[in-house]
Amino acid sequence: MARPDGRAPNELRPVTITRSWLRHAEGSALIEFGDTRVLCAATVEDGVPRWRRGTGEGWVTAEYAMLPRSTDTRGARESVKGKIGGRTHEISRLIGRSLRAVVDFKAMGEHTITLDCDVLQADGGTRTAAITGAYVALADGLKYLRKKRNLKNNPLAGTVSAVSVGIVQGQSRLDLNYLEDAVAQTDMNVVVTGDGKFIEVQGTAEGEPFDRAALDGLLDLALHGCGELSETQTKALA
Amino acid sequence: MARPDGRAPNELRPVTITRSWLRHAEGSALIEFGDTRVLCAATVEDGVPRWRRGTGEGWVTAEYAMLPRSTDTRGARESVKGKIGGRTHEISRLIGRSLRAVVDFKAMGEHTITLDCDVLQADGGTRTAAITGAYVALADGLKYLRKKRNLKNNPLAGTVSAVSVGIVQGQSRLDLNYLEDAVAQTDMNVVVTGDGKFIEVQGTAEGEPFDRAALDGLLDLALHGCGELSETQTKALA
Amino acid sequence: MARPDGRAPNELRPVTITRSWLRHAEGSALIEFGDTRVLCAATVEDGVPRWRRGTGEGWVTAEYAMLPRSTDTRGARESVKGKIGGRTHEISRLIGRSLRAVVDFKAMGEHTITLDCDVLQADGGTRTAAITGAYVALADGLKYLRKKRNLKNNPLAGTVSAVSVGIVQGQSRLDLNYLEDAVAQTDMNVVVTGDGKFIEVQGTAEGEPFDRAALDGLLDLALHGCGELSETQTKALA
Amino acid sequence: MARPDGRAPNELRPVTITRSWLRHAEGSALIEFGDTRVLCAATVEDGVPRWRRGTGEGWVTAEYAMLPRSTDTRGARESVKGKIGGRTHEISRLIGRSLRAVVDFKAMGEHTITLDCDVLQADGGTRTAAITGAYVALADGLKYLRKKRNLKNNPLAGTVSAVSVGIVQGQSRLDLNYLEDAVAQTDMNVVVTGDGKFIEVQGTAEGEPFDRAALDGLLDLALHGCGELSETQTKALA
Amino acid sequence: MARPDGRAPNELRPVTITRSWLRHAEGSALIEFGDTRVLCAATVEDGVPRWRRGTGEGWVTAEYAMLPRSTDTRGARESVKGKIGGRTHEISRLIGRSLRAVVDFKAMGEHTITLDCDVLQADGGTRTAAITGAYVALADGLKYLRKKRNLKNNPLAGTVSAVSVGIVQGQSRLDLNYLEDAVAQTDMNVVVTGDGKFIEVQGTAEGEPFDRAALDGLLDLALHGCGELSETQTKALA
Amino acid sequence: MARPDGRAPNELRPVTITRSWLRHAEGSALIEFGDTRVLCAATVEDGVPRWRRGTGEGWVTAEYAMLPRSTDTRGARESVKGKIGGRTHEISRLIGRSLRAVVDFKAMGEHTITLDCDVLQADGGTRTAAITGAYVALADGLKYLRKKRNLKNNPLAGTVSAVSVGIVQGQSRLDLNYLEDAVAQTDMNVVVTGDGKFIEVQGTAEGEPFDRAALDGLLDLALHGCGELSETQTKALA
C-alpha cells in the first residue's frame, strides 16, 4: 500500500515556485508540484467588468487551460474545438473564487487582475497548484497596482493555498499524483487561508460514498498540507 | 434574524414531487422546493458514448438549464449566445456525478440514461432540487430499462438527494431560498445517499472564510435535510 | 377515416390556458392544446434594440424553443450544439411577426417585450399554441407596462390566435396532432385576428401539390378554429 | 399609383435565365428578375444523409446566401459572424421544400443534389428568383445523374416556379422589386407547379391584416406570374 | 512539356475586367483570369475600426470567399461550418495588406473601404485575380469617396497587381491554372506595384526546396506578368 | 542606427534549445530566441487524417498558439473567443508546411505527428523560433516512431530552420526583436534547409514597397542566420 512515488500518506510532492518567470506580466510564477507545472500570470488592467462599474471596487478573475500535450495523450485545443469544456470552466471559476476571498476590493479601486493559469505539464493536482501559484502572481500584481496607482490600503487581505486529498486503496493521502487520482475512491480539493480557515471544500465520491469520519480525516490532511504550502509561498515572496 | 419566509433554521421549504409529469419520457418528475420548480426527464437509449463501448457497462449523464424567464430578470438563452456558460456546465456535471454514484453500471448493460433538468422557475436551490427530482426520474427510467431489456439485476444501487445549506447573518440554515442565497456568507451544496453517506460536498466561502466548527454545523443540517428529502422521494415512487 | 383521437374534422383539441403560471414574469401563460404544452412568458424591459432607438416606438420579439424531451425521442439541446436550427429560427420569427401585428408601437413608447415560448411537451401544433398563449402573456405584459409607465393609450391594438389545418387522407382537418401532422399531405398554419383577418398564411404541400379548392377549404377551417381560440383567450384574460 | 419602374400591376420584371453559367457544376443557371441576380448551382453526389440511408431514395437540399454587397448597404458575412441567420435558414428550407415537391426520390436512387443559390445582386424577390433558377439547375443535375447512373425512370416529376406578390398602396402587384417590397402592406411568396397547383403559400401582413378577398386577388396574380415563369424555364431548358 | 492550355511559359491567360458589374457597390469589378472568375466589390463607409479612431486616418480591409460550387467538387460553406478556415483567413489578410500598400490613409480621412472578393468560379490563381480586380474596385471606391467627402488629396497612391508563378515539371511558368498548380513543385504569389516594386513575395516549396537561381527566375516572370496586368487595369479604369 | 540590444545587423539573438523539456511528449523542445520562448511538443499517433487514409503515407501538422500573457498587453484566449484568428491559422499552416518539406511520408507509414508550438513569452520572431524548435521535437518524435514501429527507412529527410529578416531605418537586419519588428518597413520570414535551399520565402512591405536589391540583401542575411541555427539544432540533437 506504498504510494507510487514512495511518499508518506501526509507528504506533499516537492514544491517549487519560480517567481517572476515571465517578463511582461505584472506578477507571475512557475509553480511545480512534482511533475505538475503550471505557469501563472497576473495581468493588471484599469477598469472593471460592466456590471461592477461605478462601485469603486476592483475585480479578480482567472482563466485556466491545459496545453494540448501537457497530458499523457494529446488533448484537442479548446480554441480549435471552438468552445471551452465544462472542466475548464469549473476550474477557472474555482481559482477566481479562491483568490477573491483574500482580496479587499474596496482597497483595490476599479482595477481588474486576471490570473492566467496555463498547465504546461500535468501530473495530478493542476487546479490546486494553479491556485497556490496564482496567489504568488496575484500578490505581485497587487503590489504593482498599489505602487502604480498609489493605493492607500493594501488590497491583499490574506493568503491562500490549495491542495488535493483523497482516499486511495482505503488510505487517506495528501496531494495525489495522476496515478493515484485515477484510482481514488474519494477526491477532495480544499482551499485554505493562511490562518487555517476554509475558502472552498469540494469532495466527490468517485466510487463508494464516504462517511463523516473519512471526511474528517481528509480535512485534517488538507489543513496540514496547506500549512506547508503557505510557508513555501511566503518564502517565494520574500 | 427570522428567515424571510418564517421557517425554522433547520426547516425545508414545502417539497412536492409530481411523478410522470411528462408523457414521452421514460421517467419524469416536476419537483418543487417552495417556488423553485424543476422539470426532470429521464431518456433511456441503447448504446453508450464512444469511450465506453465494449465495456458492457451503462452510462448516466445530465444536462441542466434554466428557462430565460425562470429568474427575476430575464437571462439570455445559451442557445442564442451559442455557448454554454460555466455555471451551467458545472451544475450539469454535478448532477451527473451525483446520480452515477447510485447506479450499478454493470447491471445496466450498455444503455445510456440522460437526465434533463430544466428550471421552469428559480428561487434558490435549483441544483439540489434538480438532483433530488432527477433521482425520481432516473428510478423510473431504470425500471423501464430493466423491464424492456429484461435485466437480471437491479441497476439502481441506492438513493440520493441533495440540499443546500449556508450561513446567513451568522446563522446556519437549511435549504436557502434566493433571498438568503444572495446574502449568504457561506454556501454549501451537499449530496447524500439514503443511508447518510456523502456523495458530494461543495462548500464555498462567499464572504468570510469559515472554520471547522461552522463546516461541521452545516454538514449536520444537510444530513438532516437530506433525510427528509429521501422520505419524500420514497413516497413519490411508492 | 376517423381521427386518431376521435374528433370531428372541424374540432379543436381541448384547449386550456393557465394565466400567470410564472411568478417572476410580467405576463405568462401555460397553454395546452391537448397534450401539447407551451409555457409562454412576457418580459418587459426599458429600451429598444439599437436600430430602433430614437424612434419613440416600442418593440416586441419572441424566442421559441423545445425542451429536449418534449418530444417522443430526445432532441439535442441547441445550446449544446452551439447553434440554433432553421426550424427554431423560423418559428421564433413567425411568433414575433404575429404578435407585432396587434401592437401599437407608438403607444408602447421605447420599451421591449420579449415572449419566451418554451415547449414543455409536444404533440403537434406547438407553434400555433405558442402564438395563442403568447398573446395572453403579451396582453398582461402590456397591461403591466401601461400601468408602470403610465402610458396614455392602450398599446394592445387587437387580438391574435393561430391554428394549424391540414389535409390528412384526403380530408381537411383542424388542429392536427402529431400523428396527423406526420402523415399530412398538406400542412397549413394560419394566424388570424379577433375580427377574422389574416396576419399570416403558411401552407406547404408535404406530398401532392394542392389546388385552389383545397386551399379554400383549409382557410375556412382555420377561420373557424381561430374564432374559438379567440374566445378561450378572452375568458383567460377576463 | 404607378409602379416605380412603370410596370403594369400584373407584369413581371424582365426575366433572363443563363443556363450552364458555371463550368464545374452538373447543372447551373444565372437567373435575373430585373436587377435581382441569383447564381444557382446543382451539385450531384452519391449517397444520402444518414437518416435516409438504406431507403433507396434520393435527396434534394438547398442553401441560400447573399454576397455581402449584393444589397444597398453591406451586410456582414455569416461565415464571419460564425452563424447563419434566421432569414437565411428560412429561405434555404423553403427552396429545398419547393424543389423536393417535383422530384421522384425513388427514381433518383440514393443520390443527393444540393442547390446552391447565391444572390449576387438583390432588388427584391431573391427567394422566388432562387427557386425559379434552381429548378433549371436541378433539371440539368437530374439529367446528368440519370445518364451517369443509367436510371430507368425520370426523377423529375414536374416543374416549379415561384413569384412574390403583394399589396402596395392598396394595389395588388406582381413580382415586387425592393422599393415596393419595403413599403408593402402584405407580402406573399407563392410556389406553383407547371400545372397550376400550389406547393407553398406564404403570406404575411406587414402592416394591416388582410381579408379573404385580398388573399384571393394575390393568389390570382401569383398563378398568372408563375405561368409566365414556367414558359421562360421551358425555353431555357430547350 | 507544353502547358495544358498551350500557353508559352511567360504567357498570362486571357484577362478580362468588367468594371462596375454591380449596381449597389461604390466600386466593383468582375475579373477573369481564364476560367477563374472573381467578383470584387468596394464598400465605402464612414468611420474606422475602434483601434484606429481619432487618428484621422482611413482603413482598407478585404474579405475573400469561394462560392461552394466554384470548384470542381463542392466545398462546405464556411457560414454553415460556423467558422472561417485558415486558407480563407490567410488570403483575406493578403489582399488587405496588398491594397493598403497603395493607399494614403491620411488623405482618406476616417473612412473605411471593405473589398469583398468572392470567387464565382475557380481555376487557379484566385488570390492574385482577387488582388488585381480589387484594385479596380478600390480605385472607383476611392474616387467616389474623394468626391463625396470633397477630399483635398488623392488617397490612391499607386497601383498594384498580383500574379502567381511556379515551377512545373522543372519549368518556370507564369499564371498557373488549376491543373498546373496542383502539380507545381514550387508555387509563388507575387504582388507588385505599377513601378515594379514588391509589396509581397510568398514562395513555397510544395515538393523539392528551391535554390536561389530558381527564385530569381520566378521573380523575373512575376514582374513581367504584373507589368501586363497593370496595363489591363489601366485600360479598365480609363 | 544601433540595434536596440546592440547586436550587429547580421547577428542572431542568443539561441537556446532545451531538448525534452516535457515528460509526456514523444519529442519536445523549449526554444529561446532572446526573450522569445516557445514550447514545442511532438505527439506521435497511429493513423492519418481521413483524406490520406489508404495511401500508406504519414502526415505532419502543427498548431501554434500564444499564451494570453506572453505579450506586453494581455490578449484574449482564442478558446474563450470561440474561434481562431487569422494570424494563428496562418502561422500554424506555415509551420506545418515547413516541417513537411523535410519528411519522407512513405518512410513514415500511416502515422501522424502533431507539433504543438505554444509561445510562453513573445519578443518578435515567434513563428521562426517555433519552426526551428519544432524541428528538434519532430526529429525526436520521428526517432521514437521509427523505433516503436520498426520502420526500415529514416523518415527524416533533411533539416530545417527559420529566421526573420527586415529593413529597419533603412538597414537590413537579421532576427528582429519586437521593438524592431514593430517599426520595420519590410519584414520577411525565410525557411531554409540545412543545405541552404528555400522552403518558404514570405516578404511583406509594411511601409514602402521594396526593390529587387533590397530583397536580395535580405535573402543573404536569412541564409546566413539559418546556417547558424542549423548548427544549434545539430548540437541540441547530438
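Think of it as A, B, C, D, E and F in the order they're written, each chain with its own count starting at 1.
In this text, a contact is a pair of C-beta atoms (placed from the backbone, for glycine too) under 8 Å apart; a residue touches a chain by one contact, two chains touch by 3 or more.
Because the structure is predicted, anything quoted here is derived from the model rather than measured.
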Trace the shortest sequence of touching chains from subunit C to subunit E and report its length in steps.
-> 2
Per the touch definition, the chains contacting both subunit E and subunit F are none
By mean C-alpha coordinates, which chain is most distant from subunit F?
-> C
Subunit D to subunit F, mean C-alpha position gap in Å, rounds to 50
Express in whole angstrom the distance between the two chain centres, defined as the mean CA positions of subunit C and subunit D.
-> 27
When centres are defined as mean Cα positions, the distance from subunit B to subunit E in whole Å is 58
Among all residues of subunit F, those touching at least two other chains are 82-84
Chain contact graph: line, ring, star, complete or other?
-> ring
From subunit A via subunit B, the ring reads A, B, C, D, E, F
For subunit C, which residues count as touching subunit B in their complex?
-> 22-25, 28, 35, 39, 41, 43, 45, 63, 65, 67-72, 74, 77-84, 88, 114, 116, 118, 120-121, 123
Subunit B partner, complex, touching residues on subunit A are 83-87, 89-90, 92-93, 97, 101, 158, 188, 193, 196-205, 208-212, 215, 219
